[in-house]
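Look for chain A in each of the two complexes below; its partner is chain B in the first and chain C in the second.
On to the complex of A and B.
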């Protein structure tokens, strides 16, 4: 006989905060957003209901091109973050002496004690035309006159990778800790080279960590507003900025809500495709 | 004896608790950075016992905040006069101003009338003029001494040294410099859209010349100060602050007219401390207080007689940068009809997305 599900006092006590959180902070606002996104207003201010706000997205090339651009850059940033974070995580868990591991993790965490805004401004002080790096390069005679390093896509991607490093490194560290060193030693004994070990042992073992790190980094990058806006400058229209513009600059909350929903749906879609391609299950990845 | 003492103490504590909310009367002010100098907040508290809590923001966020709460959470807001009537007609976030509660003899009459007219909705007016200023060109005389008009922002001579905001004033300034009158087309959305398309095209062509589109006042000041930018479209006050540090940087009223704005006082629909709001309005427009504000922030105000109390250097700014002809040529923003922002928003997105 299957166990019946009883509603007991402790269950209610423990479940209430979670349910309140979910309903008040996530479900209700989204229902309201959905309602707004289906509201259509014409030039005279007459209200009707329909999908016109969503159709606008597909009809107007600036909107979907910006979205494609944002998604492609986010995937690129996620991959680059992985490439940078894997050696770091490997060094911390496998190479460094155990008593330094805590210290190294600390170094990794330290930049995140200050807010993202401050870190981005820090990069801007370093990279701007009258900034620190240009100053040294011209002093040393490497450059004859300072060059502008801010306000292009390369700087923006670098800033985004920097911002999301931690969220990739931490899951990788925890997943690599469970990798038995003897597997790597055995592979060396059997004559495998570094490449084979990386692709046949380390990466397959780290896959759940890689996927969960990637999901977090991808989501954070896709939804980032500060970094593209401040470091990307004149050429960097990010999709979040368009949502902001619809809400704040053109007072078109209905269009903005539709964009918000499209961002939610399309980013979920990208993650679903990513899970399918890497043959991972969401339930395993989020553990 | 001891017991009465305890009784008295308990009574005293109780009275203090009851009295506390009265002495802690507050005024929630939604305003622009710099519009509530600490000196004046302290003076106001000493005079009336009201503590002013200021939240700093801009026009768009002000409207969004009040719209989200349907006009609650703040006792007084300071939107620009051209952004009140259409917003009020649609979202009803303000309450009518009772002009009898204002000390009218300390307000410049022509400005009060203009703002009353421009914020009129269904027979009620919703604004009291406070601060005015203009946007125009800020130049570094060593490099851009001969820049005269908004079209110079699109001149290849200044490649990589130009900066402006990607906001509606830029579209309107460039339209005026092209010899058009965008304000005359405010009530003709189709013609306005065509004009804005044209302006947008110009801005896209001029995009390679732009260093960056600035978004905050401190950032553009830093760019001008360090010499990274030689020519910018910005407010005169930023320019005057830089002029005080380096006289090579100064404001120029463009040939086709500086764009004039007036920031107002407007009372949100669900304000809690309406009396306090009127007190603050009358306090800020009292000549000696308005002069403190102007000497600190450099902006002019609608206060009558404050001019005589300006510091000489502050007064000199006005005479140096604005001839009488320049003042007559200022294009004051008329109220923005609904839907224009959407047209402009699309054009601005296009410019930003163009490669």
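On to the complex of A and C.
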């Protein structure tokens, strides 16, 4: 069957890496994670199987409080990123002269050429007690002595919004590009003000882009470790730090696996609820 | 009759470029007024100034006597139907039509009643809950018109809304639009590059060229008495010759064309002998094989190049014997000329009164 051979060879070529990636990097680790999360070891090293690791999560308030905190903050960060990114995307697509659009997109992309670690350290140089901003504020006499701007929730949220900007702005730019300017003008002509145009025309049109941007930003924020760890300090515990602590500090891989699974369930759940609320279909959003 | 729209020496410049130059016109209430011009002549800019999307550089626009300077589009008593209609795809037909009424904070039952009534008026009863992508081209057109008319604007502006339709539908919509306008009595300002749309629908037409109005007149006058060479060339088909005045005796002149043909034609303004002129003649003003005893005709022989059969609009494409100038000659479909074939040599003629003559530009 030569004909069939011709069809399957490219198919195999393309599918093999995808399947390898899926099985080796996603499916196998998760199966192992699931197995570990159900494994319970007592002090003497006796192994039994059960849901004890998951029960620990509910019994210890610090665990589930961090969990809820992470979820709420992630939703907040997603929303704030949207609020910041929408005017930026609108400006790039509808207000700026067409020849500047590429340049503005470049400006948006540029910070992402360096790693997240470097960017976070950049913020730290600016904000720390002996940092650039404090230096100028004290020099100008606005502050009598430097204040610590790092290691609190506000700074951490700001850092997370900054880190996520691009992933919200890009889908918004692409979805706003497809918005016909005459729709905005028609609404204006029919008596609408800017607020009505935003809520009745721009946002409904941009909904698929908003949802896909929000999913990406939410997942990245929820799973972020670096920014909360470096900018958040001791009082701004992130759930990923709990997982890290279990694996690295407590060396309790079984407990860590259970936490990892709970985080996976949480992000899936929030995204599912978000899709239901905005009446969007995942298949349409990921296009 | 009260004046709905008054445009007083409006000029719009973009840097060095003058898009609209010193345009003056007024539209009385209930009139269908068209602005006809080739693309890039500034007609869209003019319309956008009336709608309020751009401000004129100089001059004044008044709607029902009120000066519109500095009034944003959402506060002007005019509505615009966009070239691609700009219906809101995220809303149903009823929501589209109700959009403007909701902005005026009218109460819910009033809105519902008005939407139902306007949909009946545009022949789309029961279409409230359809989405925009369920509509055909002609239906979208009518929804767009309904969405504006429901607001009872002083002036309805239309930016070539028939451009996207296919020919058959366009012909049909032309008649419908004219009928609808007569029914509702709203003042329409319609811009188009299609002379047939302008002539069929309008009470008055302004012909626009390079930012200026060449002539504002009734469709009949534009066709029969164009005031400039541009209007003669742009409105309807015309045969054109360029030539020089040989003799002038008050009412008529004798013109010698570039190909040494000699014609007599009427004139409105006296011309000096030796003046370069442009001569225009409608295809239907040509008489094929005229009777030998008819007086005051310019007679000459032509060779038929091809027969362009198009029903009532059939033409002959021919050229004079020693000349390559192509001439369009209307071919009446009364079976009298069925014998004419390609390469035939026939006599044609035109009356001295039907030619239109202008001094050549430059």
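Here is the rule we go by: the second predicted complex is superposed on the first by the 280 of 287 C-alpha atoms of A that agree within 3 Å, B and C clash if a C-alpha of one lies under 4 Å from a C-alpha of the other, contacts with A are read in each partner's own complex, and residues count from 1 in each chain.
Please note the rule applied: a residue touches a chain if its C-beta (ideal position, glycine included) is under 8 Å from a C-beta of that chain, and two chains touch if they have at least 3 such contacts.
Note that the coordinates shown come from a computational prediction; the quantities given were computed from them, not determined experimentally.
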* Asked: Looking at the overlay on chain A, is there a clash between chain B and chain C, or do the two fit?
  -> fit
* With the two complexes superposed on chain A, say which partner A:101 touches: chain B (first), chain C (second), both, or neither. => neither
* Could you say whether A:174 touches chain B, chain C, both of them, or neither, answering first, second, both or neither? => neither
* To do: Check whether A:248 is in contact with chain B, with chain C, with both or with neither, and answer first, second, both or neither.
  => first
* From the overlay on chain A, compute the angle at chain A's CA centre subtended by chain B and chain C, rounding to the nearest 10 degrees. => 150
* Asked: Hey, is it chain B or chain C that touches more of chain A?
  -> B
* In the superposed arrangement, does A:193 touch chain B (first), chain C (second), both or neither? -> second
* To do: Pick one for A:229: touches chain B only (first), chain C only (second), both, or neither.
  => first
* Considering only the touch criterion stated at the top, classify A:204 as touching first (chain B), second (chain C), both, or neither. => second
* To do: In the overlay, answer first, second, both or neither for which of chain B and chain C A:65 touches.
  => first
* Asked: Which partner does A:138 contact after superposing on A: first (chain B), second (chain C), both, neither?
  -> neither
* **Smallest separation of CA atoms, chain C relative to chain B, angstrom** => 46
* Of all the chain A residues, which ones make contact with chain B and with chain C? -> none
* To do: Provide the residue numbers of chain B that touch chain A in the complex, in ascending order.
  => 60-61, 63-64, 67, 87, 90, 160, 167, 189, 207, 210-213, 215, 226-228, 338-339, 341-342, 344-346, 348-350, 352-353, 355
* Under the touch definition given earlier, write down the residues of chain A that touch chain C in their complex. => 180, 182-183, 185-193, 196, 200-201, 204-205
* Structure fact -> Note: in the complex, chain A contacts chain B through residues 43, 45, 60, 62, 65-66, 128-130, 148, 150-151, 229, 233-235, 237, 242, 245-252
* Parts of chain C lying in touch with chain A, wherever the complex brings them together -> 51-53, 72-75, 79-80, 82-84, 86-91, 99-100, 103-104, 147-148, 151
